[in-house]
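One structure, as structure tokens, below. Some questions next.
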Amino acid sequence: MIDIKINDELELTDDKFLMIAGPCSVESEEQILGVARDLKKIGVNVLRGGTFKPRTQPESFQGLGEEGLKLLARAREETGMAIITEVMDEENLPLVEEYADIIQIGSRNSQNFSLLKAVSKYNKPVLLKRGFGNTIDELIGSSKYLALGGNKKIMLVERGIRTFETSTRFTLDVSAVPVLHEKTEYPVLIDPSHPAGINRYVEPLAMAGTAAGADGLIIEVHPNPKEALSDAAQQLTVPEFMELYDKIKRITEITRKNII
Amino acid sequence: MIDIKINDELELTDDKFLMIAGPCSVESEEQILGVARDLKKIGVNVLRGGTFKPRTQPESFQGLGEEGLKLLARAREETGMAIITEVMDEENLPLVEEYADIIQIGSRNSQNFSLLKAVSKYNKPVLLKRGFGNTIDELIGSSKYLALGGNKKIMLVERGIRTFETSTRFTLDVSAVPVLHEKTEYPVLIDPSHPAGINRYVEPLAMAGTAAGADGLIIEVHPNPKEALSDAAQQLTVPEFMELYDKIKRITEITRKNII
Amino acid sequence: MIDIKINDELELTDDKFLMIAGPCSVESEEQILGVARDLKKIGVNVLRGGTFKPRTQPESFQGLGEEGLKLLARAREETGMAIITEVMDEENLPLVEEYADIIQIGSRNSQNFSLLKAVSKYNKPVLLKRGFGNTIDELIGSSKYLALGGNKKIMLVERGIRTFETSTRFTLDVSAVPVLHEKTEYPVLIDPSHPAGINRYVEPLAMAGTAAGADGLIIEVHPNPKEALSDAAQQLTVPEFMELYDKIKRITEITRKNII
Amino acid sequence: MIDIKINDELELTDDKFLMIAGPCSVESEEQILGVARDLKKIGVNVLRGGTFKPRTQPESFQGLGEEGLKLLARAREETGMAIITEVMDEENLPLVEEYADIIQIGSRNSQNFSLLKAVSKYNKPVLLKRGFGNTIDELIGSSKYLALGGNKKIMLVERGIRTFETSTRFTLDVSAVPVLHEKTEYPVLIDPSHPAGINRYVEPLAMAGTAAGADGLIIEVHPNPKEALSDAAQQLTVPEFMELYDKIKRITEITRKNII
């Protein structure tokens, strides 16, 4: 596995397990600083938070943009956490890259090859999500756009695919973990929040992905999910996340990894 | 959760985890007795083995029929294990019921409502697999055919669904575990062998299902998978299974269950 | 293509197009005789009507059973139409075979291999539906169970498959028409009613399937769909069907077939 | 339905059927001019040809870029055909817009909301393809990004979705035609080439889509498909297309449309 150096203190290696948590969207200073402090106390070192949001409907909340990036930076300053946020286009890429420690490419842009080529020119770690309509081989194809462009600091994320089952928002394809480990040299993370769609399914999916051998998790946690401006149903509260964190820790002992 | 009494010694309750293992098909006395002894030593108490086989192509091995049932009974006699085997039709139901401790209804018969009604008239525990083209709600509908007919000794099995992903034979829908636990009162088992399709993916899927909160596993184990008459690629060897068994044990400690 | 002789007057050959219509379920004498007369006048020669119904939920209407078969026979007697009805199990197979001119195997029994073997021993034409979770190759496998058992009077039916799209009940896979024509020697019919799920989508799907080269249609028509005991939303009224019939006729002129 | 004015001579209205044809990729002057002349003679007025190609693998031919746009312009000059080509990113949007009469947004960018917003600021007609992993409602969501941005000259395209069936490259969802007609005011075109994946399935899918009520087709035609640099298997030869054109014409008479 390729080691992914995130900052001076964090490096994702074979024997490590990267825990990323934070709200779906950055909404306010109070929200992001509050949840960052809480997560840091639990042991989380990477804070997620969307500021440019790819929403299915144009009427939906589209994110705070640069204002959100600044709030994320403030959270980093205060807590020392690394921050990850999504980039949606080349136009905002320099801005996002300036603020973020990890650049996220979302599910809907997983085959946005122009964006992948542009991101490949930067030196920051990239978290590349599988498109919900994409095969594992297509995800690998997308990772090659980054690698051939010069950036091999890639973390792949399984986040659920489209199937006929409607009890959950997407169907988490846990088998992507062993298949990707076999076919690529990149760490594989699980996003249990989007396939769950409902917060009470996040824990079992997170545990499943971890037990399948994942190298990390990216989980949506919100100080007050009911009032979230996006993905309200699937975000965990801080206490829910804390409980999950302990269980994940025990599973990583079996898969021989230490949470970072 | 409804407690499922399998025989005088085995009862699947909330705090137990049922391990079922054995070959895809019963092939010979040597094969089934050999693997039964090995599995019993590891701690497995329920032996699986198909004798009536639902094969996609009529030219494929269709199972030993009653001869296979007799061999399963001999394995039970010698090892004390309970036996489970699949019934494909009402015609052979009395025969299967006579021999089996648990009656299995396979994925392709999950909506064979006539068979479900017939099985519901017996008193034996039933292991009902989800059809690979069925929603969770349809599986629950099928379980109601059993329950309304009089048999509530039902164990439900998630065994992978059809999706666009072709790296694995089917896509294991681990979220079926929490969803079924929420919507029904029956134990939920995971079959990691059929979604894996390839033996090296069986372990991660088994671990994922267990960590998601499953109440048991049903796994294909063959003394010599390469020479198996069906599902050669996905069956584990006995040493592979032994290694998996230990990891499953550790996960069940986290989910607070004891393997039976 | 194998010619399918249905009765002394009807034979489905390469240059013919078989129109089958009738209610989802036989509900009463008035209902089935009324709709049969109307359909016969329009030019339909094969009447469909379910008397043993495979319903997802056991509480749903399960069909009139033998009573329904008798009503179908009365409709045949009066109108001269051939009748087709579904068989769900070996137990009722002799009864169904006694009454029906064409034996239907439904989507949920498409891989009920025991039933296929039993039906293969009879000499009546068989209409075999694709399972909604089955690939085209699996449908062909199922047809081999019939052919190897001795019955090659097979008509294959594409009736929609399970996909992530929820605007329609199933997704009609029109490409199954050319693929099956290439890979088998059997006529291929389209069932536009089940994939549509809603009556106003039945016409476009019927026209699409016909234009794709299908050898026939099987359509649900009810004298009063709103009061139907099953599939109320997707059944056409007689006037709606009449309008569709004319359009289908014009398309079959392009595909060089004559409606029978 | 909203009327779409393409140029001074072409306007897609309710009673018209738009035929778009041309190679997957613009490869050379000889290729594109040759096929344009042939298509124009048959009656085609809009020429397609990719110059920026979204390829799954970075090693695949990525298109001729601006050079290809110039060749398309030369073909327009000579034949008078309108030209349509795909835009992959905001960077090349001004260039593409300068040359193209219709801007195409491909399946992989169907939820590239930044690109949609950028395209919405131009006044050219847009052909928006459904993402192969997207629901019909998501396609409608994407169209709203264009409309709210100021551009309602939208043509929607059904081009096949991801399903478990592997006999064809994608599964054409013909029901998208009536569903989109019901839910939006935009014309709906069918791309039969990508779902077919193999050229001999293109005709039945094109006919199916037309019979389902589509307002047009976009078909890949290449002077010598075997030597095509992309999508070699699914492109029609000119004689194959000519034969198809005549059949489509007869179907549009039934759906009351005139090919433009």
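Order of writing sets the labels: A, B, C and D. Residues in every chain begin at 1.
We adopt the following convention: a residue touches a chain if its C-beta (ideal position, glycine included) is under 8 Å from a C-beta of that chain, and two chains touch if they have at least 3 such contacts.
By chain, UniProt protein names: A, B, C, D = DAHP synthetase I/KDSA domain-containing protein.
Since this is a predicted model, take the numbers as computed values, not measurements.
Under the contact definition, subunit A and subunit D share the contacting chains B, C. When every chain is reduced to the mean of its CA atoms, the largest separation from subunit C belongs to A.
Inter-chain centre distance (subunit A to subunit B, centres taken as mean C-alpha positions): 35 Å.
Chain centres here are Cα means. That of subunit A falls 49 Å from that of subunit C. Residue positions of subunit C touching 2 or more other chains, listed in rising order: 133, 137, 161-164, 166. Interface of subunit C with subunit D (complex): residues 133, 135-137, 161-168, 171-179, 182, 195-196, 200-201, 204-205, 207-213, 247, 250-251, 254.
Those residues of subunit B that touch subunit D in the shared complex are 162-164, 166.
Within the complex, the subunit D residues that touch subunit A are 54-59, 88-92, 108-109, 111-115, 131-134, 137-138, 141-142, 144-145, 148, 161-162.
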